[in-house]
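Going in written order, the chains are labelled A, B and C, and every chain counts its residues from 1.
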Amino acid sequence: MGPGRTWTAGVLGGVLAAALIGSAPRLPRAGADALPAHPAPPAQDGLVVQLCDGATSVTVPGVQAGRPMPPDQAVAVTRELMARWQRAHPGQRWETAEAAAPAATAAPGQRGASQQGDTYASFTERDRRIWQAETDAFVAEGNRIFHSAELLGGTIGVSCDMCHPNAANTHPETYPKYQVQLHRVALLRDMINWCIENPVKGRTLSSDDPKLRALEAYILAQRRGVPLAYGKH
Amino acid sequence: MAASRTLAAFVVGTILAAPSAKATTPPPRPGPLAEPQSSNQPGFPAQLAQWLLPQDQPESPTMVALGKALFFDPRLSVDDTVACASCHDPEKGFTDQLPTSMGVHASFGKRNAPTVLNAMFNIAQFWDGRRPTLEDQARDPILNPIEMGMPDEPAVVRKLSAIPEYAAGFRDVFGKPPNYDDLVRAIAAYERTQSAFDAPFDRFMAGDDAALTPQQKAGWALFNGKGRCMSCHGWNPTRPLFTDDRFHNIGVSAHKSDFVPLARQALDVLAQGGSPRQIDQLAIQTDLSELGRFLVTKQPHDIGAFRTMGLRNLFVTQPYFHDGSQATIWDTLDHYNKGGVLNPFLDGGIVPLGLSEQEEDDLAAFLLALTSQRYLSRAEEEYARQFKISRTTRPQRDVEAAAGLRGRNGPGFAGPFGDIGPSMNEMAQNPALLGGRAFSGGQ
Amino acid sequence: MAARHKSVETKYMEARDTVLRALRHCDRRTFLKLSTATMGAVLAKGLVPPHSFQLVEVAHAGENAQTGTALAAGEIGHRPFTFAYISDAHLYERTLNQRFVRAIVKAVDDVNALDPQPDFVLFGGDLAQLGRPGELELGRQILSGLKAPVKMMVGEHDWYLDLGAKWQELFGPPTYSFDWKGCHVVVLQSVYEKDFWTERKLTPEQRMLTVAGLDNGVQSRFEVGEEQREWLKRDLAHVPATTPILVFSHSPLYKYYRPWNFWTEDADEVQAILRPYRKVTVIHGHTHQMLFNQIGNISFYGMLSTAWPWPYAPQGLPKLTVQMNRADPFDQFDGCGDGRMTVRADGLVDTIYSLWDRNPVTIRADYLVSHGKVDRPPAPQFASY
């Protein structure tokens, strides 16, 4: 109940989190990220509310730690925090600046310095967005093929999602493993091809076929966060 | 003089009047093919063999020799005419090359004699897996009335004990007088020496790319692909036996009998818990034999199911399937190609394959490559013989069913393939063609 | 009038009876040796071997109507009976795909082989895959080969191409009820969805394809709907609380996994309508797996599909469900099948999951009603994950 109680800007955090979650249902990630902790400056009276960049803070007079603020006041506080941050970072946007900043758990004195260069060590948020968009498009292509008997080359109207909705029961994290249908150790792509040949009745794909690679990408993307367990049956 | 001529005439007359030549044909004598085989063959599964060796009572060469003597000895049968080797003749791939086997009194059973070659690696013995080990398997034919016909185990033991070589032999090997358990142990010890690898295919998998002809390689690709053979006749370096150790109804029983009413009869019988010997008799002697694994497990999905047999040395172990009903490999391929024979218990994995004539020839050529070196010349002769027959006589062939053109579920339909995919052997890189590297990660 | 469909399997079954009488295949000595011994045993055990080779313990369901397990003191039981089901056939037209045709024909032959015949056969929905008239016609033609009377139930794959027009033309109204041997049976259309297609300007084909995809998340959640719930209330108004109720529904009428529509949005309201009744069993389709649950007074049994198995959902699986073994895609029948329900004298329902190419699994109402304490079904060797 001391004066230095730290709050995080929950509203902003929620907005940011919502922006990052994709549309396809995913399994909850193991070990969800804990929110970073920042030491807050001590307050004379009232409550110090700090933004999660660890630097910007607002003192709200007349509020005790542990007592909730009325909603209007809370919104006003968060607006003030963002305004202060914006004044300190003119011309920048919160999402890109924060994502480009080094890990927030760094000690305050070290913040702001990061290893950069103009050639190989130079990664900006723009790069990350390109990578993410490209990856998402690749996975989306796999999603399309996965759900279409025609794109799979199947001849009987059977597509992968009929037995594997959301790629359920594909367990790509268990490859390489002994695949009973092939009686040998297989990789995910071998089993994809086997399924195309047998239940789907299509023409098998060569290992450098973009369709096979996209299918693999989609299936792996559905199991993000699941620990690898090769050989598990 | 006249008396001896009369006697000779009587003997000749008896022989000529005998119901079958087999009954008076002596059982085979052990030749070079009966010798114990070394485990130092390409393709031999050393690790699997390690797991399968019995832990107690190590098998000495003397035990093997005793077992071999017993294996070839017709005195184990009630009238001294039938030995194990009569139906499991080394010269004939340890089978008798008959559709079903003949026992004492020229009586024929219902099942084709499986080979002893590699039998030690079987998950269970007999077509229906009713006996788990080689020892247990050896117990049954000796006592079966239409196989070797001995009345009971004590009778067998008495007979053996009266033979001085066996009385001494059992004492040397086991330290005890002859008894039934040791008898089967000795026979099994001999059978365990009959491994058969060292085939062109094994050498191909070990890295010799020239060991298979191009046609055989095409067959191997089909085996893994369009033929769908691999999923039941599985091969990998650890278990190179071309079997999945399972039981499937592939529709062979449905060729002839109405085996649905037979299953009902069997249920009545087995509701009271059939003894192993009763099941053995049903399996060999009655039409209930067609029920296969069902006699053992009494589960409906096992009706008409038989063990997936290995595919080595097929061209010395003809004819094929549990009833020996198919004379040539092409007949078996036609059977699979048309999707087996429909019956209510047909395994769902059996579907029309849509193989062309060339593709069937490629598969048959590949199967020849599974012949062990010591049987190769015999097998090549048999292959040529079967090939010739297959050009004109194909009783199982049903092109329309194989292509899915004639509806298997009623009137036909005007579709291209139905449930059969397009020909799909134009893969950029068929792992089947890479040799062993694709299977063992590039060793 | 379309010709009655008869497959090879049906012809086998028809020939069996004459052969059985002749018994020409069993050698006389063997038969005599075997049959006398077994006759007594069979009779003594009270076992009736039906041609489907599953011993139905008739004694359990029928010997004394007043001593069934769940009858209250003085409560009179009703006549027990069995019915079979075939569900989720997902037929394509023949020219495209024979596989699902083969499967539903196998189910029809399974049911026709039962001896004694079930009282009726429930078709559990999703007869067609894409709602096409040709698919529905094909299904009707095949199901007309069943000897027992058929009760039809609609699924979403039958409905969303033309919003049920062809289905109703072929099979009548999707919602109805009837009484059977002291039970009240209700058949629902539980796959209504709030309109998601008009604003997106989808054609009927696009709407059907959207509904056909389990995991696209575009379609609405299944519901019974207020109008039908009102109908249900009226229908049950005169049914005494002691009458066993059977509810046939395509969606589960509880909430298992929302993203795949293993879900009924107004399940709570429907369960509330059913709460006054002591014995309620819901039999549902759509989930294509061995699935069972108990919520309050209601037992739930999911039916197997003939066409393909679904994996178990990542979350929401009822605790009482013991999974079926993971299916092997080499065998089109693995994880599929049909089944039977036995409505006992006490009004509760046991079921046999006749899994094809596997040992059948029996689930007894006692397992559900005791919340898993008795009669636990066998565990799978490999669950799906």
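Criterion: contacts are C-beta pairs under 8 Å (C-beta built on N, C-alpha and C of every residue); 3 or more make two chains touch, one makes a residue touch a chain.
Keep in mind it's a predicted model, so treat the numbers as computed, not measured.
> Mind naming the chain pair that shares the most C-beta pairs in contact?
B-C
> Of the chains present, which has its C-alpha mean closest to the combined C-alpha mean?
Chain nearest the centroid of all protein C-alpha atoms: C.
> Starting from the mean Cα coordinates of chain B and chain C, work out the distance between those two points in Å.
Chain centroid spacing, chain B to chain C, equals 42 Å.
> Report the inter-chain centroid distance for chain A and chain B in whole angstrom, where each centroid is the mean of the CA atoms.
Distance between chain centres, rounded to whole Å: 57 Å.
> Please output the residue numbers of chain C that touch at least 2 other chains, ranges allowed.
96-99, 330, 332
> Using the touch definition from the top, which residues of chain B touch two or more other chains?
228, 231, 418-419
> Which residues does chain A have that touch at least 2 chains other than itself?
In chain A, 156, 180-181, 198 touch at least two other chains.
> Spell out the residues on chain C that touch chain A in their complex, using ranges where they run on.
Against chain A, the touching part of chain C is residues 92, 96-99, 129, 213-217, 259-260, 308-314, 326-330, 332, 382, 384-385.
> Show which residues of chain B lie in contact with chain A when the two form their complex.
Touching chain A: residues 224-226, 228, 230-231, 234-236, 239, 244, 417-422, 424, 426-429, 431, 438-439, 441 of chain B.
> Would you mind writing out the residues of chain A in touch with chain B in their complex?
154-156, 180-185, 190, 197-198, 201-204, 206-209
> For the complex, which residues does chain C have touching chain B?
Of all residues in chain C, those touching chain B are 5-9, 12-13, 15-17, 19-20, 25-27, 30-31, 34-35, 37-39, 41-42, 45, 47, 49, 51-55, 94-99, 101-102, 105-106, 109-110, 113, 330-334, 356-360.
> Quick one: in the complex, what on chain B touches chain C?
228, 231, 257-258, 260-265, 267-269, 271-272, 285-288, 299-301, 303, 342-344, 347-349, 351, 404, 407-410, 413-415, 418-419
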